[in-house]
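This report refers to the structure that appears directly beneath it.
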Amino acid sequence: MDLKEWFANRKKAADNSQSKQPLTNEEYCALWTQCFHCRELLYTRDLRSNLFVCPKCQYHFRIGAVDRIEQLADPGCFQEMDADLSSADPLGFVDTDAYKNRQDEASRKSGLKEAVVCGTGKIRGRDAAIGIMDFGHFGGSMGSVVGEKVTRLVEHALKHSLPLIVISSSGGARMQEGILSLMQMAKTSSALKSFSDAGLLYISVLSEPTFGGVTASFAMLGDFIIAEPGARIGFAGRRVIEQTIKQKLPADFQTAEYLLNHGQVDMVIERAKLADALGALIDLHQPSAPPKHSDAKDKSKQKVAAQSTPTRA
Amino acid sequence: MDLKEWFANRKKAADNSQSKQPLTNEEYCALWTQCFHCRELLYTRDLRSNLFVCPKCQYHFRIGAVDRIEQLADPGCFQEMDADLSSADPLGFVDTDAYKNRQDEASRKSGLKEAVVCGTGKIRGRDAAIGIMDFGHFGGSMGSVVGEKVTRLVEHALKHSLPLIVISSSGGARMQEGILSLMQMAKTSSALKSFSDAGLLYISVLSEPTFGGVTASFAMLGDFIIAEPGARIGFAGRRVIEQTIKQKLPADFQTAEYLLNHGQVDMVIERAKLADALGALIDLHQPSAPPKHSDAKDKSKQKVAAQSTPTRA
Amino acid sequence: MAHTDRKQVPLEFEQPLQALAQQIENLEKQLADNPAIESDLARLHEQYDLLRRSLYSKLRPIDHLELARHKQRPYTRDYFERWDSEWIEMHGDRKGADDPAMVLGLLRIGGHKVVGIGTQKGRSLRDKQQCNFGMPQPEGYRKALRGIRHAEKFNLPIVTLIDTPGAYPGMAAEEHNQAEAIAVNLMELAGVTVPVVAVVTGEGGSGGALAIGVANRILMLEHSVYSVISPEGCASILWRSPDKVSEACQAMKMTAKELLQLGVVDEVIDEPLGGAHNDYDTVATNAKMGLIRHLDNLRNLNRSQLREDRQKKFRNIGAFYEPAAV
Amino acid sequence: MAHTDRKQVPLEFEQPLQALAQQIENLEKQLADNPAIESDLARLHEQYDLLRRSLYSKLRPIDHLELARHKQRPYTRDYFERWDSEWIEMHGDRKGADDPAMVLGLLRIGGHKVVGIGTQKGRSLRDKQQCNFGMPQPEGYRKALRGIRHAEKFNLPIVTLIDTPGAYPGMAAEEHNQAEAIAVNLMELAGVTVPVVAVVTGEGGSGGALAIGVANRILMLEHSVYSVISPEGCASILWRSPDKVSEACQAMKMTAKELLQLGVVDEVIDEPLGGAHNDYDTVATNAKMGLIRHLDNLRNLNRSQLREDRQKKFRNIGAFYEPAAV
């Protein structure tokens, strides 16, 4: 399957799955989408061309991995990695339905095999290793496949001295894989430790929503952390906290802006400016002068670059 | 001057200067001391034999460097270093009196040349580099000499791989040396960085009172921090804070116990148990098995050990 | 300090024992008047022991959960005291808080000087409240981090004891970024070059447990549990019913034996019959022996090997399908 | 954005200029009716400039203090914006707070990509309150520490801008251990292996200033001051009189020129006549040129030399007597 085909397939699935918000219904939202925040009725095609940001109130809709790649990576340069990894059912988990069935349903709805898409690409002309989570697949939950793919992405970035960008969106760990899903937090964080020790740059982008085991592992370990406006980010869910402390939480609790005020993220930036910011950040962390004895590394970088199309800049 | 003489001289001065508290007067307190806390009238000789801890209320009196060495170091083994360093007057500082005169008065009152006594010795049989501040000399303030002596002590401990123990008691930086006194904070902290990077143990002991530039440099940089019961410890003084925030502070604010509850010190321990605790801590940080290639170091340690008398243990 | 459970409120699965215990008690009262019943009494004691053994040989996951949460279960301080009566506690995160739910100290375990880190649930009501029922605040995880860095600096092995429902779902905890506190611990524990051995002594609850659980070796007490979410949470999310806790326990595979089979846990440590709360000394000794065995064993690795060993352990955890490469 | 001071409330030592300024204003009003006074006006302008130059050539320490604290003085954000209009701010300590009194960011200064760290006093009343009048909380120093570690990790030089009355003497600040926050910064700044250049742009107040001041090179703007305690604090402690601020300023040797002579400061950077607040662009350019010169210069040192150079600088600060060794 070539890239073009890949994108076409993904987009087809994506059109069915993206930008669903509680207030819309499936048939209706193919053409029209009601803004979750200001309730404006938006023509879905316009919404898409505005990067799934409400033109009226700037509400940032959830977007899937495929749309995100299109928005972020320079056109035609994204090379997916480990696309064929799929979930096992190590515990033979059955609740009101079997995990196996739930997996199939998740894939049918999202058009994805798993809740993260990883690969290499260019962002505003700079090579990067990119991981993008998709909340539309199984609530973006992290099981063995998400853990493994993110870990491999980190390892690839380390091997090729690439900056690493992960865009998170997740409800947390995937309970159906039990302790194995919990351990993915350790696995990804451990890989990031080696990556960090090598002095390489990791930018974590938090999008609506990012919670639980993903927040408490790779999502919070960025050298620089960016959040999308309005995104809800935390460890424990709002409802659980309210039940525990038996009081109402402030409306803006756990929003990107709240986190910024509480020192947890470096920047809240609107979607339209995200690629520029990522590009600028990669630049600011690249050595001014070429480091000594780096011939080998430079060559490996060139190889990756050769596979990709020219950038738009 | 041999050690015996040194101790005799120091003690003579010390008897004149130690255990002064606001409510006592000089002649009176030679024989009797009123407890600052419970107001009990105590026979000074009994107070001394009780390590300057009130037998009735356990109030820990300030004690001078000489008494502290006697209490802490195994008898006869303390070797003072850099005893001859004395203050210059780099700014020609004069306020209501000249700095030079104030220095002389401080020395007359304390029997010390400066506000810290540094050296090597044994604590419960373990070699250590030991620095002891004396509030009785110029309010324990840190000028160039205190900074230099503490730095040299750290360097000596690093060179000989000795555990480092500093007992602080200070009102802060010595204003009369202007910016030079401020820079002693950087100088001592910088020396401690090299010491720390070598994986050596630094135990900081905070005694009544420890404030300002001393707290905000070497006193707070211990791998393990011990405070004496009731000692007042902080950065800004209580009165300054009350004037700033225009409200009364809690009675226990900035006490050792308050700091323990606020996660700033590891342990509050009564004076009688301090030496044992220091010995135990040194033991717990020494490698279980002898490290490889450490012959040279062991020899240098033995040299120090050979100069000192057997421990009481 | 040995506790006997018989007089206490029984666990749910122990209820069959209660009838027998009642009979024994009655007979014991009559024994002075009627020495003839001595043999009956002996038989009942035997039956009691048999039944107890039988019950404990076929515990359901939820029974393990009950034992793991037993309010008399030994906690971190109980172990530290028994392993080294002169252990020295370290307090605080140096930044404003000392979380009693996370205990930190320096101690000897056999010939090993270690940094000990463990969650603490609290025994009295006041303790429990102070310890927030074993749920650390971010400040607690950062206190643990101080211990982790201390161990790395002084080349001391790290021993962690895990018994926590998890991180606390509170407002301040979120404000103070408990997600970051946990994540940083995962990262830093993965990176240290000293031996790390973790023991799940009671409840291993989610990310809050893992925050001190990234170890070269993970041991579990026989009746302890370890799971990605509390069974109650799992039941209410997946079954949408709080009644399904037992099913959730079963489905998640959270017992020591199951996790050993899954390869996540390296050893199961025996508890005294009836659970750790019946005999603190014995369980402390069992855990100590296990720790010494693994610490001795890890001594054969040099510092970089210790890190590699640990990172490899977690690198290999996970189950997925991958088509063979073309 | 150039500010002219003439219309503003004058500093105390500028009062002689006010009379002349008034005359000039009066004459200017009559100029249309009476062109003959043009030469008088020119003469007065000349006198004004002469007097101003004269006043500024013999400023007392307390005059420098007034200039250093001028409410229109450029602050960290004014410099960062002028040096790199696309600078990227980093926020927060990752642990619950983002202290606006400490600004942190990534920027280019000439060809150098640097981590910029600076205190911020705030311009509007609201800003001032948010920035706590330039007095960081412990969380601010820990935010700076994040910048320091970031710089070390990515081998980026550190540029710090100092303009603070000092750390805040508040209750929460003590509770959150500001002493430790400052001490750790001193230690960590001493240890980094990247170039560190500090510029005192206004008030260098005590330990709160030093916390971002452990640098390979320390520059001071012409009218900035740097002292171990505020002159007010010094006067009230040593003279027991708040009136003696001028004497305290004098005695402490806190001006740029004096600190250059003491060997603590490496370079004094010119301000526009009348002080930095008269011409932001010029002073930003002057500071930039100074920074580039020193950063270029420090590029000749390798990483361990950079650390040695910095540690040696502070190792050698101090004045004391020591008898010659026997």
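Letters are used for the chains, namely A, B, C and D, taken in the order the chains are written, and counting of residues starts over at 1 for each.
Quick note on the criterion: a residue touches a chain if its C-beta (ideal position, glycine included) is under 8 Å from a C-beta of that chain, and two chains touch if they have at least 3 such contacts.
Not measured: the values here are computed from a predicted model.
Visitor: Among the chains, which one keeps its Cα centre farthest from the Cα centre of chain C?
Guide: Of all chains, D has its centre farthest from that of chain C.
Visitor: Does B-D or A-D have the larger number of C-beta pairs in contact?
Guide: Looking at B-D and A-D side by side, B-D shows more C-beta contacts.
Visitor: Can you work out the whole-Å distance between the CA centroids of chain A and chain C?
Guide: Inter-chain centre distance comes to 34 Å.
Visitor: How many angstrom lie between the CA centroids of chain A and chain D, rounded to a whole number?
Guide: 42
Visitor: Averaging over Cα atoms per chain, report the distance between chain C and chain D in Å.
Guide: 54
Visitor: Tell me, which residues of chain B touch at least two other chains?
Guide: Where chain B meets two or more other chains at a single residue, that happens at 196, 220, 262-264.
Visitor: What are the residues of chain C that contact at least two other chains?
Guide: Touching at least two other chains: 94-96, 175, 177, 180.
Visitor: For the protein chains shown, what form does their contact graph take: line, ring, star, complete or other?
Guide: Graph shape, chains as nodes and touching pairs as edges: none of the named types, so other.
Visitor: Please give all chain pairs that are in touch with each other.
Guide: A-C, A-D, B-C, B-D, C-D
Visitor: Which part of chain C faces chain D closely enough to touch in the complex?
Guide: 94-96, 138, 142, 175-177, 180-181
Visitor: Which residues of chain D touch chain A once you look at their complex with the stated criterion?
Guide: Those in contact with chain A are residues 86, 88-99, 106-108, 111-113, 139, 143, 150, 153-156.
Visitor: Using the touch rule from the top, collect the residues of chain C that touch chain A in their complex.
Guide: Residues of chain C touching chain A: 167-171, 173-175, 177-180, 182-184, 186-188, 190-191, 206-207, 210, 213-214, 226-229, 233-234, 237-240, 247-248, 251-254, 259, 262, 264, 310-311, 314-315, 317-323.
Visitor: Across the complex, what residues on chain B touch chain C?
Guide: 196, 199, 201, 220, 223-224, 260-267, 277, 280-281, 284-288
Visitor: Any idea which chain A residues touch chain C in the complex?
Guide: Touching chain C from chain A are residues 82, 84-91, 93-96, 144-145, 147-148, 151, 173, 175-187, 189-194, 196-197, 212-213, 215-221, 234-237, 240-241, 244-245, 249, 253-254, 262-264.
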